[in-house]
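Here the chain labels run A, B, C and D in written order, and each chain numbers its own residues starting at 1.
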């Protein structure tokens, strides 16, 4: 059964060093509050998987030294500009970047969801990405050898999917609406940890309107209530990004010292979210 | 754009003889009203695909001589008993049955959804089903040859997905709730034809609660309003099966003559649904 | 007390409690549509598990936890999240092969069954598959099925994590020995005996000198079944619940 | 009239109308996140299509039609349901290869870009991919990209239904000749000239004797853009819409 824990700190304690952690992009559901807790507890050697990309959450974890490997189609802060800590780490070679492409990440997770070892993916051939992936193989269609080459991507099975959602109930059911990349993450990962804005006193699966956008508690190991848990990025249908704060992050994260002072102020000394 | 047509008869006119038509099981969304219209118009040589099984809808179309090939994991009338017209046709050899298994049908449709030629599926090896399928191949995992044999199923791309739903809007968006096998059908098929209990005057995709259970109009070619369109089988969340009618069907469908009289009374001479 | 229970116990109730015992200690049991006895057993096992057992009943509006369409049950099994499931067969043979397709030389079947459903998959992926068929006759339990919808065993190189755990019928219970690929009679229901079972079983199987009687439920279990569980069963299988529990004297 | 339009036309408006012309007659255009000019062009093309063109804008709450998570755009493209899409590049070379990964010898990149996103896939599956990059310099338009995120062409045995249609920059428009695997300069924006373009383009390309000026929008088009379309753009890109259309005198 899903366990209702008291805080994002409790969730961070359950994410061991070295874990393969799947994260949603900034426009989906990011548990920024757990990312801060991971930094606070000094998490190390995480293998982050962007589904299919990461944003501020990834940049911050990388900057704080929590990340050994980053598997993603991109690191993007959208209109805020290039991701400063990611770029610094990539340049310094202090993280191992496994460059991918969105559909290959989705398909790798879908393979894990189905318990199959791989899935074919169209395109990719001729991209230099392929040269650097030993978990992608070029093959052919056994039903039609004339059909040309085809890439097979190996299943991606995260240890943990970490997400933030607008609503959850006490059975561990998690409402994610149309953001079904989080459903896929929960199916594919061994365990799913969730923070939710709000705990709903009822059964989301019993509600005809809510059920179609709900991850069943079956997939959820632990859940904590965390209002404004996605801050400073936004949460669909709830609140937008904290523009001023994100710009401040970007400004300070340009230098090691600035980033250290950011962590000191907003992570090691947690303050109430806006 | 999706076209709003006037009746199930209009939809049946757009389903050509010989078409590969994907159908949902009785507990999901069956456009029985269009099935009757297909029988009325004398449709021939249909290739039905049960996703993953068919019920009364399949039995009736088979009995009426509309079906050449039936690709399905099962034909089931659940507690009502064996499917009489299917059993008679199977015994007479008057239809070609492609026996499958539920996950292989789902995976074949998912392959079509992704535009890939095949998808690996676990299990199956040692089943006699495999002996009779030239669209299933036994292979191995190229990432780990020790992992044992693996079945690859060829993509299943229906010409048409035919479904019934509780609600649709004028943009062709179709609310199907948690019955997402119908979403998969719509993604995989070239065209999707829908009857809906009710037309909603608004945009289902713009409604945060409805959108997660909605097939976007993007996939829908034509839509007709049809109250009680699933009768005599039920429609989730709306109405249950018409028990007395289904028992009468079963009784009459035991013989050729009885079935002919059933068609005469309820299909060729359509009466208002209950 | 035991005599009292035996005299009031319906055969279906014994099947339910027998199957429920096989589910104890598990985390998640899934039950297919149109399976009132396995479904009741799962709900009874849940009621006894203090919330530890999750039950997913297909076709139930209240106990189906799935939100990803028809494929989710199968994906979920492949993820290792389903510990037990139920399968049946038009024919079942002594190697636990099941036939859901038909009798005769396929595709020219003399009798056509509904089809294989998900058996050719779930049998490979669910660790504890319980074969359930009330009819225990030589017509059903055959030496060799005419068509293998799903095989009871696989070669050792096959990546298989699931398979048959037991066969429960209206006359008794067999365990399956995966190494020997044979059933072993493990208990006989009250009112039946080993000779009768041998006579009505078309396949050969192992059997000890003394085969025990199928264990009867204790009083509290029966009370739970006829009370809380009966109500839960009625949500999905109203006719079955009324027939089985409706006339039972409240304990 | 034409002079009037030319004098009031913002460079971004010309880019929007130029791209919109490339979308005419299509059924479905998808636009990635953070793409205000392509997004505006798609909305303009839709407004002119009398409802025939469907526009899917990622990141837009009102124009995103997808309900199957992040994968749906990619699946939808593979189904052949997306006629046009936009890609860009940190580097773009003369064979229409694009680089979204970085400058230098991968993985030791001197400058790291965000990553390839879905380019390595969509470039193969969307028939009309429009490369869009406002910055037209030899730094961006290079002879050979340092890293191929997605190739402009493929061998003939490759099952490829998509590829580059045109390259639109702040200085002009190139068509792509798939057989020759080369760009051809097709028009020059007002205020720019062919010598300037040759100077600022790092790759070699074909060019006619006379290269026409990029066609200016007509009055009704501009009115539509600055009216209805501006309002629609503002829903997804409020800052962009205000900056571009906010100060425009209503026609």
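Keep this in mind: contacts are C-beta pairs under 8 Å (C-beta built on N, C-alpha and C of every residue); 3 or more make two chains touch, one makes a residue touch a chain.
Because the structure is predicted, anything quoted here is derived from the model rather than measured.
Interface comparison, A-C versus B-C: the higher number of contacting C-beta pairs is recorded for B-C. Centre to centre, using the average C-alpha position, chain A and chain C are separated by 40 Å. Centre-to-centre separation between chain B and chain C, using Cα means, comes to 29 Å. Note on chain placement: the centre of chain C and the centre of chain D lie 60 Å apart, centres being C-alpha means. For the pair chain A and chain B, the distance between C-alpha centroids works out to 36 Å. Looking at chain C, residues 66-68, 74, 78, 125 sit in touch with two or more other chains.
The residues of chain B that reach two or more other chains are 107, 110, 114-116, 121-122, 147, 150, 178, 180, 183, 211-213, listed in rising order.
Interchain contacts give a graph that is no line, ring or star and is not complete, per the touch definition above. Of all possible chain pairings, those that touch are A-B, A-C, A-D, B-C, B-D.
Put simply, chain C touches chain B in their complex at residues 33-34, 59, 61, 66-71, 74, 78, 100-102, 106-110, 112, 114-125, 147-151, 153-155, 157-160. Touching chain B in their complex are the following residues of chain A: 107, 110-111, 114-122, 135, 137, 139, 141-144, 147, 150, 152, 154, 176-178, 180, 208-213, 237. Chain D contributes residues 28, 51-52, 54, 56, 62, 65-68, 74-81, 125 to its touches with chain B in the complex. Across the interface of their complex, chain D is touched by residues 25, 27-28, 51-53, 72-76, 78-79, 82-83, 86-87, 90-91, 93, 97, 99-104, 106-107, 110, 121-129, 132, 147-150, 178-184, 236 of chain A.
Taken together, the chain A residues at the contact with chain C in this complex read 1, 112-116, 183, 187, 205-206, 211-219.
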